[in-house]
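Look at the two complexes coming up: subunit A is in both, with subunit B in one and subunit C in the other.
And now, the complex of A and B:
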């Protein structure tokens, strides 16, 4: 029942109740511990690390952009509010939000350039910032800041009883968890998870990856700024640069999130509940004799976790639960449908592919009836001319085939058409508008869909979620995006696997998923890159039917294909490329009898023979 | 003007030591394709052992230790690759997990030193630590001058190893195209271990050199790691010669920046430059696509 409602995207109280229960559990533990200051302090630390790691999880877990310099935001929030309080007597409750704003601002300044970097370049670049902050803050004379005790209780966020801080931490934690859960269920969250897995594909599905990353980064930093203030006021009496910006902070964050399960809601909660008490108790036992013992332990835990438990405890738990769940249902499926549901011969009637008829397709009006116009485009790669002065007109509602031997510039032409590459010369017009230097996500929003030569599937998502990423290009509401995706998945015969993870698919299923995802963006024009690669003749025929079906529903199709024979069957129009030049254009018959094309495919000798006959 | 030249010369002398550390990082990045965050931690470990403790215990000169460090840290590096990094290479998220693993490793080393040998700053006190040669009006710190010479020899040695020996050539081939190498009968795992071992060995040796003229503590690594990254990025990420040049540039910038900003802020200038370069020209000053080691 709940699962069904969740599937339909309803607001589910059951999704949020456990989050509140975490807060209740914290308070319960707090009550049990009673007035023992020392243990209350450990409890407080557990809660605060849960908070920080949940914040970190947004950009680095869900978004996959691991911020190695994350301590900057803890320190920025803390330092801002403490300095404001000490020197300007600004109330810490206000300072908390000022600190958060400062942290978010820093995230913007740092993230705007560096988020364009990939993988470890980004991670390493961010480390430089807290390392810069340490000498700068020291130079300003704030290497050690004593936090004055105003003793006005709630008014100055300074309680003598740690339990008030625990209450504060518990409230913050519940709020943060609710935020994370809401992100998980939203278009923004899906976009984050998609770009984590495959940035190029996410761009192609209309996700403005840079903006999404930047927003997630700023949100993370803002929330951490808040936590940073609470951390400084509740834990530290003396704010020092190493305490606020030290490398140990990121190592703890990473250890906790990875042990618990990075990119999951419960990961930070589990990780912190396990590691922090152990770390603190150890530090209390041997900390005097061996300073740094706690960090040594965190270092070892991090090493072990990455090697032996990369998905974390929560990842392991969900994996086991999933396996339990899917096993019996798979058996039932096998009993109900003993025949192979993927066999195309049974279903391959073109009428069943008249897709997306329910979706609006007529938008804009372009001159001359051509939806896309590529005008004298040239593209250089180093010294190689990948495209030379290529002009292509794409008539609306037709199937255009682009052929040419390897290295002819076919995929380059596609990449120019939908914004992955900018040409050196020439222009691209879509629906009469100049779109030459627009990014893929902009073009996707305007109505250009695309499938990839090498399928770019989001492997850690279900098939339906993959399609939803496409649907989110036009549909902000998760429920409606799901409905659209279900409709398309049904037409593409993927329903029976819709809730399965998109791994271990057959090549044909992968291609159908690629088509579904592209169609879910509700395109007017769809670019199909070598759809027949790796398929047998029967399957190729099936893909041909799908493409015809798409064209019949009013969507313009451009197909790149190597295998000329299959393309000839369904293309209305063809363009031949060779060595970056357009060498032929016209009906399929004209193009395949063009001497240039024959020469390019088969060589000089064949052209002569053909000319004779 | 005189100060300028003096600072430039000091920068050059110091930069070559950075270059040695960066060369090790570049080698590892080029061959194993990982960013070794623990790189500086290994160098700091070598500052303590062998450089500092060999002198304390047996009176062995740190410059001799810098040679002794080579075989010791080759084994350390080889074992690290074999026992730790090898386990996360080849997983889907290897790029990030190797970075995280080496970060854990660096914390392990730093705090290990802290526990074992305390966090007090150490300094090697020998006649040449503060002594200097006078060339014209320019003062050359003796320790730095000796370090400079040994550092150049080390880099030259690495260069010869990579270009003239069969093992070195194998490593370079692996950097270029690991898959083809596997088909040609090169044991990739061994090549990775070898490269990591050599990279760590030369870095440790560089650490011993730095220890002769600069005080250090267990957390010195956290400062120099980004400096080494900066040298590498400037020098074109995967090029050993580039790393040397990057090191010299960074050394000079560090010294010259003291003319305009406070000494405490000299690293800020370097870090800013690093981020700027990473953003504008991640392939580095000398980096060309396809250029390897």
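And now, the complex of A and C:
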């Protein structure tokens, strides 16, 4: 029942109780340890690392943007509040938020340019900043800062009894875990996880990836800034740059999150609870004879985890649980619903995709029924003319097929239409508006959906969640997004698997999921990239039926396709490209008997000898 | 010599080839023609072993090689000249050719094979000290074929050798391929989109369409066969 209510987007207390219990457990351990300072300090470190790693997890785990220079935010938060306290006598409780704001500001300054970098470049770029911070802080004379002891207890955030810090840490931890859980369940969280797996696909689903990444980065830095203040004040006497900006911080963060399970709520909690006590106790045993022993331990553990447990302990646990849960039922499903390409195709005709919330059909100044107009577009790639003066009118509500042999410019035209490429010359109009240089996510918001040639499925999510990523393009409310997605999944015959993880799907299920996700963005026009590639004739026929169903519901479809013989059976209208030029246009019959097209596909000799024209 | 018996193969969830069977006799020239995406390259890769088959058998000289590693198949004399040439651009022509003679049977007769390659492609001898990266598309294709010949193959498989070449250059390459088969007595399996050119050369041909063989026949009955145009462009 809880699962049912959760699905409907209700707030479920049961989802949050375990998070509070973590805090209670910390306090319980604290109570058991009693006044033994040494063990209390270890407990405090455990809790603070849980906090820092949970924050790190937001941008690097869920968002997949690994921040190698993450220690900058620990240090920025801590140094800011300590310096404010020391020189301006600012109350640390206020300083804590100022420090957090400084950390978030730094994240903005760093993230704005660098988050546009892809892959490892962002991760590497961030390393530079803490490295630069250390000499700058030293130059300002703050390499070592004595924290004046005001001895006013809670007012100056200075406690001689470590247990107060543990209490603070426990409260922060519960708050952070709640924040993370709320992100997990939100549109923002889905967007983050989507872009982690595939930025291009996320963009195509209407996610403004740069903005989402930047927000996650700033939020993560802000929360770590807060933790940094508690961490630095709990040191009590002397704050040094290595303690606040040191490389060991990121090594520990990575070890803890990866061992526990990166990108999961419980990963940082598990990782820290295991690694920090072991590391501290071992260091106490042999640290005097072997300085840096703890770093050695973290290094080895990190290495082992990456090799043997890349998804971490929590990842392994959930994998085992999932396997236990789904194995028997998956077998039944496979028997009940064999991927029979013939049976769904019968329903293909009747299926229509009119959605819960239909769009206002604002046709603007759309000229005589053409929804998209590509006007005299040219595109160069290093001297090669990929497109030359191509003009295409796309009639509303129809299926337009674009064909052409390899290198004809099909994909380039497709990318100009969907915003991944800007042309050198020419314009693209959607519903009469110039959209030539708009980004994919903007076009998605305006009503242009797309599918990918190689299906871009987010496979850490369920099938329904995959569809929801699309629905979030226009629907902010998670409950309504779920409702829209369920309706589309039903029409696409995916309901029986909606709650399964999107792995191990048959090729047709994958394709149906792609179409579902594109439809969930509630488009007026769908761009379909080579849907038949690699499919057999029966499967191609099935895809054709899906596309016909979409067009019958009033959504315009543009199909870029190499497999002409499947396309001619359902396209209303075709355009033929060759060597970057439009060489044919008209009904499928006209286009496939066009001598230009015959030559492009079968060669000049064939056209001369055998083609009837 | 080669008997492909009902193989299926693909990538991930995609089954690109379905129950494909072809036969090639010793010294024969067989062409496989079909539109892009029909599975032509996948068929060659299944035979050379770089793509795993999910079912079926492949017999080469009466030995089932379907589970054999790709490098061992090369050892048997099955050589594929890949699509897009894949020559080593930073090496000279001679170095590229010598790398082709990796097969143990071929190592003893490098000089002899080199001579044969240079007789086929005199331009390679003229430019043997030149870096391969300075070559035009047609010359690179010659080098790629020459490299394949250096290993003294029993079966030479060519994947779209005319790709990216002008019709004239393409025709020249096709002529050389015919010469390889007739003079060097090497069996050739050619995969091509240019239907006429490939079918003109072959002894027998197969039409591959969406992962299936739709027709297999001798040259005469394939030339100009309307089924071919239907495979490429369909019927309304």
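Operating definition for what follows: the second predicted complex is superposed on the first by the 573 of 613 C-alpha atoms of A that agree within 3 Å, B and C clash if a C-alpha of one lies under 4 Å from a C-alpha of the other, contacts with A are read in each partner's own complex, and residues count from 1 in each chain.
Operating definition for what follows: a contact is a pair of C-beta atoms (placed from the backbone, for glycine too) under 8 Å apart; a residue touches a chain by one contact, two chains touch by 3 or more.
Note that the coordinates shown come from a computational prediction; the quantities given were computed from them, not determined experimentally.
On the shared subunit subunit A, the superposed partners subunit B and subunit C are arranged side by side without overlap. Touch criterion not met for A:33: it reaches neither subunit B nor subunit C. By the document's definition of touching, of the two partners only subunit B reaches A:114; subunit C does not.
Using the contact criterion defined above for the overlaid structures, shared-chain residue A:230 touches neither subunit B nor subunit C, since it reaches no partner.
In the superposed model, the angle subtended at the C-alpha centre of subunit A by the C-alpha centres of subunit B and subunit C comes to 70 degrees, rounded to the nearest 10.
In the superposition on chain A, contact of A:598 is made with subunit C only, not with subunit B.
Legend: residue contacts after superposition of the two complexes on their common chain; A:300 is shown touching subunit B, with no touch to subunit C. Of the two partner chains placed around the shared chain by superposition, subunit B is the only one that A:68 touches, whereas subunit C remains out of contact.
When the two structures are aligned on the shared chain, A:124 is found in touch with subunit B, with no touch to subunit C.
Of all C-alpha pairs spanning subunit B and subunit C in the superposed arrangement, the closest lie 6 Å apart. Subunit B makes touch with subunit A in their complex at residues 35, 37, 84, 87-88, 91, 93, 95-97, 99-101, 103-108, 110-112, 114-115, 119, 218, 222-223, 225-226, 229, 262, 264-265, 267-268, 271-272, 274-275, 278-279, 282. Residue ranges of subunit A in contact with subunit C, taken from their complex: 405-406, 505-507, 510, 532-537, 540, 562-569, 587-589, 592, 597-598, 601-606, 609-611. Taken in their complex, subunit C has these residues touching subunit A: 10-11, 13-16, 18, 35-37, 163, 167, 193-197, 209-212, 224, 226, 228-236.
By the touch criterion given at the top, residues 64, 66, 68, 113-114, 116-117, 119-121, 123-125, 127-129, 131-132, 135-136, 138-139, 247-248, 250-251, 254-255, 258, 290-293, 295-296, 298-303, 306-307, 310 of subunit A touch subunit B in their complex.
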